[in-house]
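Have a look at this one.
Think of it as A, B, C and D in the order they're written, each chain with its own count starting at 1.
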Amino acid sequence: MTLISGEAYKDSLRNMKLKAFAFGKPIDNLVEHELTGPAIEAVAMTYDLALDPDYQEKMTTISPLTGSRINRLTHVYANSDDLIKRFQLMRDMASRNGMCIGARCVSGNILSALHTLTYVMQKKTGTAYHDRLITFLEKVQGEDLSVAGCITDPKGDRSKRAEEQADPDMYLRIVDEKKNGIVVRGAKFQISGATIAHELLCMPTTALRENEKAYAVSFAIPVDTPGITYLHGAPAPDFRRFNSDRSDLGNPRYGVYNLAHIFFDDVFVPWDRVFLCGETEFTHKLVAQTAPTFRCVTTSCKCGHRDLLLGGSAVIADYNGVAKASHIKEKMAEMLYDGELAWGSIIAAATMGNQTESGSFYPNSLLANVAKRHGTVALWNAARLAVDISGGLIMCSPTAQDLSHPELGPLIDKYMKANPEVQTKDRIKMMRLMEYLTGIGCILVAESTQGGAPVVVQQMMIKGELSQRLEEFKKRVLDLAEIKS
Amino acid sequence: MTLISGEAYKDSLRNMKLKAFAFGKPIDNLVEHELTGPAIEAVAMTYDLALDPDYQEKMTTISPLTGSRINRLTHVYANSDDLIKRFQLMRDMASRNGMCIGARCVSGNILSALHTLTYVMQKKTGTAYHDRLITFLEKVQGEDLSVAGCITDPKGDRSKRAEEQADPDMYLRIVDEKKNGIVVRGAKFQISGATIAHELLCMPTTALRENEKAYAVSFAIPVDTPGITYLHGAPAPDFRRFNSDRSDLGNPRYGVYNLAHIFFDDVFVPWDRVFLCGETEFTHKLVAQTAPTFRCVTTSCKCGHRDLLLGGSAVIADYNGVAKASHIKEKMAEMLYDGELAWGSIIAAATMGNQTESGSFYPNSLLANVAKRHGTVALWNAARLAVDISGGLIMCSPTAQDLSHPELGPLIDKYMKANPEVQTKDRIKMMRLMEYLTGIGCILVAESTQGGAPVVVQQMMIKGELSQRLEEFKKRVLDLAEIKS
Amino acid sequence: MTLISGEAYKDSLRNMKLKAFAFGKPIDNLVEHELTGPAIEAVAMTYDLALDPDYQEKMTTISPLTGSRINRLTHVYANSDDLIKRFQLMRDMASRNGMCIGARCVSGNILSALHTLTYVMQKKTGTAYHDRLITFLEKVQGEDLSVAGCITDPKGDRSKRAEEQADPDMYLRIVDEKKNGIVVRGAKFQISGATIAHELLCMPTTALRENEKAYAVSFAIPVDTPGITYLHGAPAPDFRRFNSDRSDLGNPRYGVYNLAHIFFDDVFVPWDRVFLCGETEFTHKLVAQTAPTFRCVTTSCKCGHRDLLLGGSAVIADYNGVAKASHIKEKMAEMLYDGELAWGSIIAAATMGNQTESGSFYPNSLLANVAKRHGTVALWNAARLAVDISGGLIMCSPTAQDLSHPELGPLIDKYMKANPEVQTKDRIKMMRLMEYLTGIGCILVAESTQGGAPVVVQQMMIKGELSQRLEEFKKRVLDLAEIKS
Amino acid sequence: MTLISGEAYKDSLRNMKLKAFAFGKPIDNLVEHELTGPAIEAVAMTYDLALDPDYQEKMTTISPLTGSRINRLTHVYANSDDLIKRFQLMRDMASRNGMCIGARCVSGNILSALHTLTYVMQKKTGTAYHDRLITFLEKVQGEDLSVAGCITDPKGDRSKRAEEQADPDMYLRIVDEKKNGIVVRGAKFQISGATIAHELLCMPTTALRENEKAYAVSFAIPVDTPGITYLHGAPAPDFRRFNSDRSDLGNPRYGVYNLAHIFFDDVFVPWDRVFLCGETEFTHKLVAQTAPTFRCVTTSCKCGHRDLLLGGSAVIADYNGVAKASHIKEKMAEMLYDGELAWGSIIAAATMGNQTESGSFYPNSLLANVAKRHGTVALWNAARLAVDISGGLIMCSPTAQDLSHPELGPLIDKYMKANPEVQTKDRIKMMRLMEYLTGIGCILVAESTQGGAPVVVQQMMIKGELSQRLEEFKKRVLDLAEIKS
């Protein structure tokens, strides 16, 4: 048994010595810090549920590698069922913590893709990339580690490719090759869970050309490797984590998105952790296999978030005393319908997925892209409808200080009462949660647009797929119209 | 080997003596008739492809009942894979004939539901309903029959239930019970493929209450059973089947939707063909299990129709000389995206389906309803975009007589030329096909709204599902907001 | 008083000697012909209503040119109110006849634009273009003529401009200049009302470059000018005009769209009818001023058509006995909302319109394009919802012959009865009208996409407008963000 | 000349002695306070622009009451042009300050409606309501006052009407009538600009029944009238106003929405300020006339906000170096199209407005409701697209402290550089503005859903309108179908 508890996960972080900053100050204690603490709670949940007998079936599986029971978040997908269970997990986690478990989410997609690519590369080049990956995987599964997946480069001038940039560091790159490893420089941006994972797993953000060998690099290193600096993002709603009461936060226990920018200042990576080193010809396929799973997981958690929006809409309608209004039910049915459309395509993408040479498995690319594109729109629509259902108080709730103020407290209590069976302070707490869930008080709705690659990428993929399918479709209409072509 | 050829299917119809009418006149020869002939061609395709070595894998399976290779259209679904293969078949057939294979489509859904219900009923009541069904199934599979599924009743005054109608015949009902069988009276409306099948399989259109026993009836009888009258529907575009040239028809070989109204004038049904007789308590479940598959098949064929709209848009863009315009590609990508969203939910419904007591299998109901609701909208949108891409000629193409007119022919040839590599007459033929595919020259786009139950039924189901899921969703937000409930 | 009656209009057509064909045969008697007769009825309505004391206020105005009361359809727009009244007229006419009054619709937009352009050209070039136009206008107003506007050229190979075509006749052009006039050759395609008007008014379909002088031509000639051949379009639903009963037609009195292709075989035009002759530099502005009004009128009549879809949905819901269902009301509210959005932009375009040098007036271009783009989508959506509300019978109504058949008639009468207060034959008639209104039995829904220029043209215009407005918008955000630019 | 400067407006506020709270603490100095200060800046702009010679034409008009030049924000609408100018003003103001001028916005709609209602009431009842209103108006115009309109009541249990509430104070009511005036108790919720105006103008939030006389009350009083307590709303993004640098705020100068809840603890109102006192029979019309203008103004400012989203998207695209990408242009065109649809209906509502007995004027109700409903959706869509265009940094920008940190500053500067011509700190500032504009850092997107009444109110109005229009529409289809009704 290699599964550890949430508490053990937290303890493991206490020993980390990261060079991490937030709001201009060093983060001294990850577990207690206003911005990392709640994110750690969300990740800890993934550890605890794996040990929960009622949940173990969903959260764990037997590793084909080690034969031990492992967390599904460290598993390489081997078939449709693995993907479906993983996507269900993502949805369920999000609907439990209203947040992100990025510290062990994205890496699963990269590992499954690397599983194939290193296999092929090792066969072709002789370099033991696949053996190294398997060794790394055994460690991750054996120690139940959290691995943050690192993809997005700063990109600099978007009109130029990696090797055309004025500053060559705008994409993470190999600056030196030593006897026992490589040295990398550059940055990875908006990495979920970076500071609260055990390991970072990096891969290129895009397919590369032959003259971009220095940028064709994939590797894994401990988060506290010397030379790495982390900068926590500071979205508007997070400022209040430093100056507000728990009851003003909406989602007090978990509600902070742990996005960090990572700067690599000539960081050394030993050879046994290097999974790609200059083989540009494999980068297209690496990206192409990572992308569909990534689209699916980021859309799956948004389905869970939509479940919360639905639940929250239902509760706030109860609290407002309008739960029976037919227009409320129509709006909630709309949220369900729209969200299930995205969910349907996710499940279909898994069902119609593809086995690779190495035995890893990835979703159907068209359906994965369709799911992501629609999932984004569905979540924004759900947020809009939830704001609508919530009523005006979602924009102007009072604070805990207001409530405890001797003069204001009673006024609020009297006038903000709606459903006679609900306490005013609970109604306000729920408004705060709705504020959070609808994206006024968090970045999750925005993240639905940005996470898992922006919409244009899906659109391009859909167009690519279109041109492939069109010839067959054209043939059929020519036959029907009895035109000889 | 029990599979027969399309030609054998046609021959079998030649011997039928139906009392069938169209446009006020008897249909004398089904195979040659302007309205039934093309529909028969479409169904014949399902026979021929089952014998085609390249296609057999998709079109046939081994019957668990008979051990022989059978057409999948006569198969009782036993698992997700059966459903997926069936839905893929529907899509593929539609994209080959641009029409409907209703004569053997709907019945599959009814048979799979009856498989469960008769099993449960036989266990509960002792009546040999399931044994009868199995015997019927063996005949259908053994003789490779086409069975038309008959569900929709006339319904009369929609504000009243079956037993409240002024005229008790507005829902098909048992009017007499004899020693060797029952006598039924009433009608079934807009039944696809009714006149070109071998057997009719009837079931109630809605769940029934205890006082509606006479309406709780399901049975199968040969299409030429005495007492049955068929009336072929007459949509606007079909009038031209009597006064136009083949090249004016768009989809000349297959393009007629074979919808008929069936009137039962005290028709006798022997006991061994009766599968439900008064057991109202099972009607809800019968309808509930038939519905999701029905939603999925009618949406699957619309996906095939959408593939044709896409193919047609691509060809007409070539013919018009605008294939490279970016707005054309955007519109086609939109059609693909929108249609795959519906397709994704179909596949997901199959993947997330449920096994029943008898071993038959049906799709997840929420996803099936979501698929149908979106599939309708997606097809109308695709039709609109295809009209847009086609250009104005789609509204005002010349006829074959115009083309062969000595004076007009050369003018048309000269002025309607666009892409220099395409013959004018082919461009006009393709315009006719686009006219057909977009619903100006056929009813398929409208049928996407009406087939497989109207949208409100899906919406009601979605709302029903909503209320079931809401409690769990509500619990989660209360936890997050730290409110004790 | 120069207004004539509908009967007088019909009489005037009886004397016309057109070379017109439909379905490969000459049209001998326009007023009685199956395809032109109903269209003539729709246009006759515009004459009769102008004489109707209750309607005269809406339909007529005093000509600033002649001082007499004229039909608004022959008026040059001089202010917002003229445009609004005209757009209201279009909506109202369409909701009275469910068809098109193209024989006197498009020309109003061209005349208003030519009013400006000839004014400017005459001032610049000295040629009496404006005087000629005024003389022509005085005749049109004085004799209450119908003038068909002719814009769309065949266009040939769309990837090439007019003067690059292999066949130089793919855009209407001047082939000879004589002492007393010009000779033109080419064609104009899908011209509404061409065969049932008194005059044709032609203009280029696109802005032209300097080397395309032969194509820069605008003129008016009587419809029966020698050398002109008309070919009536033959959309699928029109075939039935030759083989069906009046009660099968849905909109029996008016329901045929009179689209014709016009071929000009070296047609002579006298100088006093030539309004543009080689001045390519003015074509851009001519097109740019015609377009917004054209967008608005074609969207206005679609609003009237939407009113009919709404009314029809309400009646069919009554007839089906479901008028009180809340989902029916929701759908109709959706149709109203969506349609009024388009209507709002039309009225706004008129309100925000622009006065030109000559005193003619045209709508705001951005709002006109927005209106057209949305109007198309709104009508397709309304058609989809109306099919949904109608129920399955919209796809398969019986014919008049079925109804009068001794055996079928009583069956239909019995089983197709729904609302007990409505006769079965009226329910079927209404289904036929719904079939017509939703585009299964007519081309109007498709025409909403094609009429008034395809969607891409609006989209391009919107993008053009975007780039103009963007600088101001950008300035404002830079100020807000306190960034010095 | 009665127009005062922004500075004079600020000075006038300095003398106010309000009992106002925010975040549990009294607001001591309105002009300097973190939450009211920026809102005051936005309102001050409306004063300064009225004195700006270049802008005066748009911002001012001559009062028919006083004959002096007044700010349009204190004007009673007398015709379409007044409404259009006012709506243009709202759009323009919003696109200049990215915020709300609520302190003088809503009241204009109430005043115009009261103008009519008091006129009618005075004629009917003899009470000098209209004379009092005119006197009040002369003061407002003469002293260039800011008047906050107060409509929304707490409402308590939504399933009950005002007089059925357990606590009778859930709707503002008259608790005593004295010789020289009345005494009111209750609250008004989420009132824009309440604490930074000079006067409060109250009216009922809904039509009242005869037994609800105590709730039929409308009056105006100075904001610092004894007995009034204000509580500033505390949306999530506003917390950071207390702990962040100017450059982190996105819209530093203006960006705080000044929403306050107002509690009336037995507040005395002299008779000359009472405009409605128990006349429930007029409340329906009062609400019905206020609503359409209110819908239009709140949608107009959202159009201005949309202009900023467009401008911001364009700038951020420049800054990211992707301004020329076609998908960026498509998205911006979509934002323009969608927003102009709402704008079109606003202008049309004004154009098609109605004159009342007293000479005041209000917009067409259907078009106003259509505009509001679409305006909300359009703004959410625009926000989603703007997040999409912005890129991931919108979720995780660094703070000013990060930028000035000796170690982090250079890293950020190096790696967050994109377009080489743009400074990194400006790119980050612009990301902060996008964060603000898209609703992550402000409540404006949410407010688009809540302001001007929630969507269901518009939907109900649209349905009401539907039933009125339907009879005429039905008549027309019956005529067309040749059915005698």
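Everything below uses one rule, namely that contacts are C-beta pairs under 8 Å (C-beta built on N, C-alpha and C of every residue); 3 or more make two chains touch, one makes a residue touch a chain.
Note that this is a predicted model, so its numbers are computed, not measured.
**Q** On the document's contact criterion, could you list the chains that touch chain A and likewise touch chain B?
**A** none
**Q** Return the chain whose centre of C-alpha atoms lies at maximal distance from the corresponding centre of chain D.
**A** Chain centre farthest from chain D's centre: B.
**Q** Chain D and chain C are one sequence twice: same or different residues at the contact, by the over-half rule?
**A** The interface of chain C with chain D is built from mostly shared positions.
**Q** Look at interface A-B and say which pair in B-C, A-D or C-D is its repeat, using the rule that over half of the contact pairs are identical by residue number.
**A** Comparing each option in B-C, A-D or C-D with A-B, the repeat is C-D.
**Q** At what distance in angstrom does the C-alpha mean of chain D lie from that of chain B?
**A** For chain B versus chain D, the centre distance works out to 53 Å.
**Q** Just curious, how far off is chain D from chain C if you go by their C-alpha centres, in Å?
**A** Comparing mean C-alpha positions, chain D is 41 Å from chain C.
**Q** Can you give the whole-Å distance between the Cα centres of chain B and chain C?
**A** 37
**Q** Provide the list of chain B residues touching at least two other chains, using ranges where the numbers run on.
**A** Only 250, 432, 459 qualify.
**Q** If you go through all the chains, which pairs of them touch?
**A** Listed in label order, the chain pairs in contact are A-B, A-D, B-C, C-D.
**Q** Under the definition above, what is the set of chain A residues touching chain D in their complex?
**A** Interface residues on chain A, with respect to chain D: 21, 23-25, 152, 154-159, 166-167, 169-170, 187, 189-190, 229, 231-237, 239-240, 242-244, 248, 250, 257, 259-261, 263, 320-322, 324-325, 327, 376-377, 380-381, 383-384, 387-388, 391-402, 404-405, 407-408, 411-412, 414-420, 432, 435-436, 438-441, 443, 446-447, 449-450, 454-456, 459.
**Q** Which residues of chain B touch chain A in the complex?
**A** 80, 84, 95-98, 246-247, 250-254, 307-308, 310-312, 314-315, 318, 329, 332-333, 336-337, 340-341, 343-352, 366-367, 370-371, 373-374, 426, 429-430, 432-433, 437, 459, 462-463, 465-466, 469-470, 472-483
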